[in-house]
Structure formats: C-alpha cells, structure tokens
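The structures come next, written out as structure tokens.
In what comes next, chain A is part of two complexes: it sits with chain B in the first one and with chain C in the second one.
Up next is the complex of A and B:
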C-alpha cells in the first residue's frame, strides 16, 4: 500500500525557518496525531504534503514518486483546513459535488446522513454558516471523499462538545468501514488520545516525537512525593517539567525508567496522559 | 467525458456574470427608451445586441485577471494538479473565445473576419490569463505595486519606444499600414495570423509557467 515519505524537508518564509530538515513516513491505514504548539508549523507541513506550497528543500514522495504535479498522489490525498478554498456563494451541496468531480465516488449517502445528524442545510451557503458549522461541512466532505490519506487541520475548530463527540464517533465508524490514513492536527489532545495510534510532535522546527502513542505513553511518567525524596530519586533523570504544591513535588520524565524501582511508600510513579506528555515535551523547561 | 472540475466551475461563473450583464443591459436599454422614443424596436434590439456582444468580449478578457487564484484553490482542494488546473484554464480560454466569436458572427455575418476576430479574442484572453496567473503569485502588497506601477511603467515604455521610432525609423506608408493592421488585428494576411499564433503561444507558455509556481498565499 502507498506511503508518504517526507525526506529532509525544510521550509522557510523569507529568513524565518518554519521546518528544519524534517523526515518521517506516513503509512497506510493509521490514525496519526500531528501535535504542536501554536505557530509550530503543523499547517505548513500539511500544506507541503498536499502540494499547496513548495518546500524550500527536501522532497515529499507518494509511493516513491514526487508529489508535485502527480495526479495519482493528488487523487489519494485530501486536506481539510481552515483556509477558504472555495469561491464565494458556494453551497454545502456544491462542496460535495466538487469533491465527487475531483475524486470520484463521493459517498453522498453518508454525506446526507451526516448533514441531517449535524443539523446542516445542504442548500445553505458556506459563507453564511457559523465557524462551527463551516467546519462541520468541511469535515463531512473529508469523511465522505474517496481518498486514502485524509488530513484534518484543526477539525474541531468552533465545534461544541456534542458535535465533537459526534465527529470522533463518525471518524471511527468510517475508519472501521474503510481503513485509511487519517492525520489529525489538533490542540484538543486529551479528546483524541484514544483515537491516535501514532504521535508526531512538531516543536522548535523539528519532530520531537515520532512514534506509536502507546510507546510514547509507556515512557511518560509523573513522579510525585515529598520534595527532598523526589529530588533525590530523580537526580540523574532528564526532568522536563515540575511543579510544587506545599512540600509535594511532581516532576515529569519522558524516557524509559524502572517505575517499580523508583516508587517508594511516599513517592508515586504514574503514567502521564498524552496532553501532559505533550506539554512536558514542548514546554522547553529542562532542569 | 467528465468535464474538468475547474473548467466547469469557471464556465458556470462566467455564465452567471453574463446573465447579470444581460439583465442590467436590458434594464438600461429600456430606461433609455424614455428619452429616445423615436427609435424602432428593431433598432433597440440591434443596439442591445451590439452592446452585449462587445461587453461579453470585455468580460471574458478581464474576467481572467481575477479568477486564476480561486481556480487554483478550488482545483487544489479537490485533487487536481497544477497541470490539470492549467489545462482547465486553457479549455476555458478556447471556449470563451469561440462563444464570443460565434456571437460576433451572428452580429456581423462576416465569416472572413471571424477567423481573425477569434485569433484577436484568443490573444486578448490568453494575455489576460498570463497576467492573471502572474498576479496570483503576488501578495496583496505586491499586487497593488504591480497593478498601479505596471501600467504606468508600460505607458512610459510605449511612449519611449514611439519616440525612438519617430526619431530613428522612417518607415514607408506600407510599413506603417502593416504595423497598424497588426496592432488593430485588421486584414487577413498570413503574417498577421503568424504573429497572433506566436503571441498566443507565448502567453500560454507564460501562464503555464506562472501556474507551475502558484502556491497558497498567507494573506
């Protein structure tokens, strides 16, 4: 099955470097989480992969071939983003028709069901919809399009909690029905933790993490206890962050450690969730 | 054969613009009847038709100054490559040139001139497509700079060229007539056809080059 290889890609806007020599592979049939702080370069990376912008150097290959002017690649990749890519006065149903004309075999049955469930009128103009409903219209298009790599940039922008839950449920349903690659770029990390199989964290212009989420979380720990004891136990460990409340200190470590060995009657060692791990890794405070 | 996505959308938008233009022109023509009641119905219809066909020519030419970037975005969103988007643009240029010339044919009935008129329209639209694709590469700031400075620079250059021609080149009347024919797309000489075809090919090449460099802008 096809893969997307990002090889030593650098992207500069003027003198400002957004991505610096990044390399990774997106495999078929996986759900990726592309995480990063505001301005990290997630949207830029997604635009490069989808040939909307050019890399300053490096290459992006689809099934071994460069993506630029590659019809086979373009037909297998779909990017849903905040950017308005449609002419003014485009109706919701026209998004679906355009996707059908562009990619073929658009799932109109699913699209009609989802517009009903999310409460969108297909005849309404996208320009007249609220931020949340615009996102939903684009999400529905992304879930129904016939492509093997679906990129969702901020898929929950403007969505209320109920709609977010519906989206996650529909994403899983469509994934089960037809496994394909989804790349979710989102700030709501705690909500997508159980969806994501593989985590890519973009920080400081490079990939800080690029591994299965289970593997990452297996080595992400919070060590809590009396300050003196915690300091003694974690003296040799690379601490990514910490906080103190009274005499109790908690430090965050992301590396393989022997949790059983470190834990004592007063010091606890627990696994971190994905959001806390992300914050610890990208906060940049190393002691 | 499924029509390319971008081509279909552009034709729909031009069609919509033509409908608006027709409605406005009919309205204006009817309004002008209040002040020109001596005109016959035939005169009114003929005048309306002449205005419409001329305006359609201008619409198709200048329309391509503004649609390229939205065509690019629509194509990119829906799985098209830059080459496919440009091919859609090329189809659009041919289609609109043909439609405009067919309308001129029904107006003038002069088959001999329609061939040259088609080439003239194609020259105009392909030039605007090249400029429009070039504009689509620019940020808002540079669009203003080029959009205002460009025509001024072009006029200054033309004035300079004409001054040099007057000063250093003393052509015969035949040469002047030939130059006037080329610039106004009149006459049916083989050389005129060749110049037109060369110009159209250059403009299409330039528009292609610009499309290959087009990217999603941040502004």
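Up next is the complex of A and C:
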C-alpha cells in the first residue's frame, strides 16, 4: 500500500514561519495521533497534505508522486476539518452522495446504521444540526468514504462524552474491518492515548516526537522524592520540567533510563501518561 | 463487559505501565479466577479493542504474549481459547513472583518500622489465626 512522504516541508505565512523543514512518512494502515498546542500548525500541516494549501518549500509525495493536482492522491485522501467543503443548504444524505461521487464505493450501509444510532435524520440540512450532530455527520462521512488515508482534524469537536465513546468504538470497528490510515489531530489526548499507534508532536514549528506511542511512553518518567536526592539522581539528565512542594521534588524526563536502577527507598520513578508527556515536552514549565 | 455467569468484568487501565502488559495481567487474572475457564473462548481482539478503546495492534500483542506463555491457543478463524494448563501455569507464575512481590516488601517495611524478625513471624502467625476464625 501507498505511503505519504513529507519531505523537508516549510510553510510561511508572510514572515511568520508555521512549519520549519519537517519530514516524516505516514504509513498505510496505522492510527496516528497528531498532537500540538493551539496554533502549533497541525491544521496547516493537514491542509498541505490534502492539497488545500501550498508548501513554501519541500514536497509531499503520495506513492512517490507529488500530491499537488494529483487525482490518484486525491482519491485516497480525505480530510475532515472545521472548514466545510460543502455548499450551504446541503442535506446529510447529499454529503454522503458527494463523497460517493468523489471517491466511489461509499459505504451507505454503514452510514445509514450510524445516522440511525446517533439519531440523525439524513434529510436534515447539515447547517440546521446542532454543533455536535454536524460534527457527527461529517465524521460518519469520513468513516464511510473509500480512501486509504483519513485525516480527522479535531474529530470530537462539540461531541458529548457518550457520543465521543460511540465514535471511538465505531472508528476501531471500521478500522478492524478495513485497515487504513487515520490521522487524529486532537487536544483530548487522554481519550486517544490507547487508540493511537504512533505519535507525532508538533511543537515550535518542528516535529518534536515522531515515534510509536509505546516507545515514547516507555521513556517518559516522573522522578520524585526528597529534593536533594532527586537533584543528585537527575543531575546528568535532560530535565523537561519540575515542581517542588515542601522539599519534595518531581522532575519529568523523556529519556531511556533504567527506572529500577534509579529508584531508591525514598525516590520513586513512575511512567507518565501521554498527556503529561505531551505537556512536559511542549511546555515543561506548566507541570 | 459482561463476563460468564453475569460476573461483571472490569478492565481498568492506569497509564503507568504499557497497556499490553496490563491486558496480559488482567486476562491472566480472569483465567486464574475462572471467569474464563479452560477450553473457553475469550473475547476477540475486535471486541476488546472496540469496548476498551485500545488499538487492535496492542490487543494482538497481548494475545500473542499469552499464546507464547501457553495460556491461550489460537484456532484460526475461530478465536482464542484458554488452554487446559493455563490455571496451573498462572498459579506457578504467581508463586514465582510471590517472594519478590510480597516477601521482600514486607521485610523492608518491617525493618523500616523497627519490627524484629521474631515479631514479624508472630504477626504472620496471627494473620493465619485471624484467617482461620
């Protein structure tokens, strides 16, 4: 199956650099998490990959060919984002038909089941739906469209907790049945932590992390205990963030260390969850 | 998720150890306690993945470890089944870990609190008596 290669891509808006020489490969059949703080450039990156905007320099290749004005690439990539690509007064069922015309073999059976389960009337105008249901109608389209790369920019915007649960379950269900690549760009990190196989963290115009989630989390630690001891143990380590309350200090590191070796009777070494790891990597001071 | 005989099975995950390891531990525990009995089919990768919101690759990794350990056996196209020897093997695993997991820690804590070896022994005896009453 095809891959998407992002090669040394830079994007500037005027004098403002959004992406600075970023490179990665999106492989077939994986669920990616694209994480970054607000304004980190996640949406810009997704727009570039989906040919909705041009890179200032560098190139993006689908199956070895530049994605720009490339019908074969367009056929295999679908971006669901806040920007709506459908005209006003579009009905939900027309959204599905448009996806069918654009990509072929739209899964109408799944779409009907999902609109039913989420309680959406396919004859409703998309614009008349609540924020949450509009998102759901767009998500259903994204789950039923026949493309090998599905990009979901803030997929759970406006969804309540139970609808988010339903969405994650349906995502995994369709992914199991037809493995393809999903790129989830989200700020609800703890919800997708166990869902994503590979993490890309965009920070300060660059990819700060681009590796399997399990590998990243295996190296993410909080070391805490009496300040003097923690300082002694961690003085050689690159510390991302720390805080101290009453002579007890916790420091955060993302580093391949031997936790068993570092821990003492008074110093504990614990793994971090993805959210804490993300905060430590993107703004350790806030921990 | 509803287990056998209406036993409510709770898969709860913390985020401090890799999810596949926690899944291995929890599935073993369910086999040990007899929720999944020898010869029985356990929930499929798809079911576990969807219900627990875990990437199927992670679930498969856990399943493969359990297969390697001889606790599960794969029947192509049907599913994963609990092996006859699974319970005995899990008991053996726990026994092997008992010293490191419990004894070492109890002794360390006793030392920290100034409890002597004799006192600890008598506490353990008291614990046994308590359990018998």
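Keep this in mind: the second predicted complex is superposed on the first by the 283 of 287 C-alpha atoms of A that agree within 3 Å, B and C clash if a C-alpha of one lies under 4 Å from a C-alpha of the other, contacts with A are read in each partner's own complex, and residues count from 1 in each chain.
As a working rule, a contact is a pair of C-beta atoms (placed from the backbone, for glycine too) under 8 Å apart; a residue touches a chain by one contact, two chains touch by 3 or more.
Note that this is a predicted model, so its numbers are computed, not measured.
**Student:** Once both complexes are superposed via chain A, do chain B and chain C end up clashing or fitting?
**Tutor:** These partners fit in the superposed model.
**Student:** How many degrees, to the nearest 10, separate the directions from chain A's C-alpha centre towards those of chain B and chain C?
**Tutor:** Spelled out: centre of chain A as vertex, angle of 150 degrees.
**Student:** Is A:103 touching the first partner chain B, the second partner chain C, both, or neither of them?
**Tutor:** Only chain B; A:103 stays clear of chain C.
**Student:** Let me test your reading of the model: by the given contact rule, A:259 touches which partner, first (chain B), second (chain C), both or neither?
**Tutor:** Neither chain B nor chain C is touched by A:259.
**Student:** Once the shared chain is lined up, is A:188 touching chain B (first), chain C (second), both, or neither of them?
**Tutor:** Neither partner.
**Student:** Would you check which partner chain A:197 touches, where first means chain B only, second means chain C only, and both and neither mean what they say?
**Tutor:** It touches chain C, and chain B stays clear.
**Student:** Is A:166 contacted by the first partner chain B, the second partner chain C, both or neither?
**Tutor:** A:166 sits against neither chain B nor chain C.
**Student:** Can A:61 be said to touch chain B (first), chain C (second), both, or neither?
**Tutor:** A:61: touches no partner chain.
**Student:** Now for A:273: first (chain B), second (chain C), both, or neither, which partner does it touch?
**Tutor:** It touches chain C, and chain B stays clear.
**Student:** Identify the partner contact of A:218: answer first if only chain B is touched, second if only chain C is, both if each is, neither if none is.
**Tutor:** After superposition on chain A, A:218 lies in contact with chain C alone.
**Student:** Upon superposition of the two complexes, what minimum C-alpha distance (Å) separates chain B from chain C?
**Tutor:** Least C-alpha distance after superposition: 27 Å.
**Student:** Can you list the residues of chain A that touch chain B in one structure and chain C in the other?
**Tutor:** In chain A, nothing is touched by chain B and also by chain C.
**Student:** Spell out the residues on chain C that touch chain A in their complex, using ranges where they run on.
**Tutor:** 13, 15-20, 45-46, 49-58, 108, 112
**Student:** Using the touch definition up top, name the residues of chain A that touch chain B in the complex.
**Tutor:** 13, 47, 50-54, 68-71, 74-75, 77-79, 83-87, 98-99, 101-103, 147
**Student:** Spell out the part of chain A that touches chain C in their complex, as residue ranges.
**Tutor:** Residues 31, 165, 168-169, 172-173, 175-176, 190-191, 193-197, 214, 217-218, 265, 270-274 of chain A touch chain C in their complex.
**Student:** Would you mind writing out the residues of chain B in touch with chain A in their complex?
**Tutor:** 2, 5, 8-9, 13, 70, 73-84, 212, 215-216, 218
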